[in-house]
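As written, the chain order gives the labels A, B and C, with residue 1 at the start of each chain.
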Amino acid sequence: MGSGRLYAAVAAGGFRRYATYRAATAAGVFTNTVFGLILVYTYLALWDAKPQLGGYDQAQAVTYVWLGQALLAALAIGGGGFEDELMERIRTGDIAVDLYRPADLQLWWLAADLGRALFQVLGRGLVPFAFGAVFFPVALPREASAWAAFLVAVLLAAMVSFGLRYLVALSAFWLMDGTGVTQMAWLAGFFCSGMLLPLNVFPGALGEVVRALPWSSMLQAPADVLLGEADPLGTFVFQAGWALVLLAVGRLVQSAATRRVVVQGG
Amino acid sequence: MDNDRAEPGGAGGFIELDGVEKVFEVRRRTGFLKRERRRVRAVDGLSFTVARGEMVGYIGPNGAGKSTTIKMLTGILTPSGGRLRVAGIDPARERTRLAHRIGVVFGQRTTLWWDLPLIDSYRLMHRMYRIPDARYRENLDRCVELLQLEALLDVPVRQLSLGQRMRGDIAAALLHDPDVLYLDEPTIGLDVVSKAKVRGFLRELNAERGTTVLLTTHDLQDIEQLCSRVMVIDHGRLMYDGPLAGLHEAGESERTLVVDLERELPPIEAPEPARVVRVEGPRQWLAFPASASAAGLVAGIAARYPLVDLSVREPDIEAVIAKIYAERASA
Amino acid sequence: MVDAADAAEVTAGRVERGGRVAEGLRAYRLIVAMWIRSTMAYRTSFVLTTLGNFATTALDFVAILLMFSRVDALGGYALGEVAFLYGLTSVSFGLADLAIGSMDRLGRRVRDGTLDTLLVRPAPVLAQVAADRFGLRRLGRVTQGALVLGYALATVDIDWTPAKLLLMPVMLVSGAGIFGAVFVAAAAFQFVAQDASEVSNAFTYGGTTLLQYPPTVFARELVRGVTFVVPLAFVNWLPASHVLERPYPLDLPAWVAFAPPAVAVACCALAGLAWRAGLRSYRSTGS
């Protein structure tokens, strides 16, 4: 019970921490809106040339663009979550202090990152999405149940995103310079999450493969749930499965890393 | 750059401030969208002069206007009013010309190149300031010798200790023969040995080169060992300008001698003007005026009591300033 | 003695304008050399980040290739023509990014106070900030853009004339100038709003993303905006219309294809003024 309260407090701290950067949030909203604007026209041209591409109609494609801009920061698809800080703590050795904290390292950062994600959805996601919905033809469900399912899918997406970035961050225990790994993670995230282009537009076998990878849980899955293109329950199972696998692997890596710290004496 | 040029400042000092003001407009959030504008006088009609070759301590509590003054003297900030000259130059108008005449060391912000050997930072200074080769060699050799940098020149800066880095930074600020050296907290965070090295070097620099030094510090010992003159600033105004001894008088500040005896004893009968202010087991605290010598006191006690250990605690600047205020309030 | 000094000062004042540019370039060169040496202290990291930079920018082109795996034309432009636009803007933007791309860190320098350490140096602050954190890894972007441009030149059947040949290098350099001005103006804005570095991304990265696609794709108002307000259209859309012999966006007259150098100079002048205003405001407010 007590520990539940602890993690809730950590999550609230994560939320508040990002909420203090008002100017940065406003700047991010602006940038997301501009990128959404650019992408939406290229998508419109694409669906003009090929209606029903990937099973989406034009309104669904437009919705997909604004959804991507709304979730980009929250799901940290382009990085920018907790991982930079954790890597810095590992490199400087401050991590030793964290390990003695009476809290679980992974849960601690997960709570903080979910708090951050919640703020990013509200602070950075809503405005670009509303802008898109007002000025472009979008396809949004009317039933509350579809929206509820979408929110569950976004929560699971945030867990998968965390699981991936936690592994990236822990690599700092073994690698002196984390830039290469972060960059690879960024590339994979952008390409395989559907941020670059909806995964159902990818041709043939490439499409099959990327849709089976964990990254597809991040943008493609919630989008398909919202657009009514995927069965919510099946999607949840897929996302939750990846989340569990990633978190479990993260836990294994963490214990290996912890042993290392103990052996080296911090 | 040439030290024997006639002073363009004329009859006044080398650094001259006349009614200098700096007003900031601070916007504060008072509600979700409401904002309140407030004008803050960070520096409020400051006037003083510093002669060439003086070594001056510039002290005051945080937020008193110290760093704002230094920023105006170095040309970083433009004053809102008043007249300001350094070596005859108006810093705000001729920032780059002034840069050749001044050296600045920011205590906690190194200007050295983190990933490169120390010597590389000096080579950059050599070229950026267009220091003649012979001059550069000579100055570098001197700094290397006096600051004991020889073994550090080929070490990447990130591997240097805080004290080594500070010495490195001081050398970097002096390669172009500045007439004035501004030091912002030059001994902060340094160990005793490093502090001594830095202070010794600054004394020598001032004595031999006649470099004018203005330093801000929280460490009263810096001032004690280096500066013949102290200026205290608070709320943007000069509270005190004179020798350190005078400051002690004005503030009646006291140092504390902490004595560890072999066993618990009744309060020490200390020679005047020291007196015991606290006893805790075998440890006793004695207060004595900052102007009095600690050596005599220690000798007197050692002759009559079984000493295990002792240390002298300096009054800190905040305490001294607080006393000046108390003094004025009661006067 | 004093008279001589005064006379020297007057002369110094006269040559100041031109002298300051030379002084700035010199300081820029010196600091860039230091950053390159710093980078070379970690060679492996340099190679990896350069490859990463290459791959990251290539991703945009992969998106275009994916699109063209499903369609034959986008906004009436074939793959080779889109690659032409893409290559032009990527090289231009890449050059500007390579030269002064770290200027978006200005807000951070203002916040942590390290900008002050630049203000006590005998060199223009703009040059010092422009050279700050110079990253040779950004050659990755230039290389990637050049490769795509090469591919475009090989596939598109261009009816070359002397004017078109001349326009190619002029376009690339002017484009770099226009993007450079955007970088400087965005940095100047950070004097006012230190946390808003992301706004500059909208114009820099957003700008080059926009220009990778044909103007025919976008709404007329948007094209108007990037022609008359933030004149990014002069980087590639307008001159490329001449080279590809395509109708000009917004029915603009044909000579605008040759306007990029003038536009670049004007943009740089305006950005310079914005920078001066920003720096002046910093020096009077200290924040």
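Note that in this section a contact is a pair of C-beta atoms (placed from the backbone, for glycine too) under 8 Å apart; a residue touches a chain by one contact, two chains touch by 3 or more.
Keep in mind it's a predicted model, so treat the numbers as computed, not measured.
Student: Specify the chain most distant from chain C by Cα centroid.
Tutor: B
Student: Which chain lies at the heart of the structure, taking centres as C-alpha averages?
Tutor: Chain nearest the overall C-alpha centroid, as shown: C.
Student: Taking each chain's centre as the mean position of its Cα atoms, how many Å separate chain B from chain C?
Tutor: Chain B and chain C have C-alpha centres separated by 44 Å.
Student: Measuring from the mean C-alpha position of chain A to the mean C-alpha position of chain C, what distance in angstrom results?
Tutor: Computed from C-alpha means, the inter-chain centre distance equals 30 Å.
Student: Just curious, how far off is chain B from chain A if you go by their C-alpha centres, in Å?
Tutor: Going by mean C-alpha positions, chain A sits 50 Å from chain B.
Student: Find every residue in chain B that makes contact with two or more other chains and list them.
Tutor: As it turns out, chain B has no residue touching two or more other chains.
Student: Listing for chain C: what residues touch at least two other chains?
Tutor: Residue numbers touching two or more other chains: 42.
Student: Going by the contact rule set out above, which residues of chain B touch chain C in the complex?
Tutor: Those residues of chain B that touch chain C are 6, 8, 24-25, 68, 71, 74-78, 80, 92, 95-97, 99-100, 102, 104, 106, 109, 111, 113-116, 120, 124, 127-129, 156.
Student: Can you list the chain C residues touching chain A in their complex?
Tutor: By the definition above, chain C touches chain A via 42, 44-45, 48-49, 52, 55-56, 59, 62-63, 66-67, 69-75, 193-199, 201-203, 206, 209-210, 213, 216-219, 222.
Student: Report the residues of chain A in contact with chain C in the complex, numbered from low to high.
Tutor: My answer: residues 21-24, 26-28, 30-31, 34-35, 37-38, 41-42, 44-46, 49-50, 53, 177, 179-180, 183-184, 186-187, 190-191, 196-197, 201-203.
Student: Using the touch rule from the top, collect the residues of chain C that touch chain B in their complex.
Tutor: So the residues of chain C in touch with chain B come to 1-2, 5, 23, 27, 30-31, 34, 37-38, 41-42, 113-114, 116-117, 119-124, 280, 283-287.
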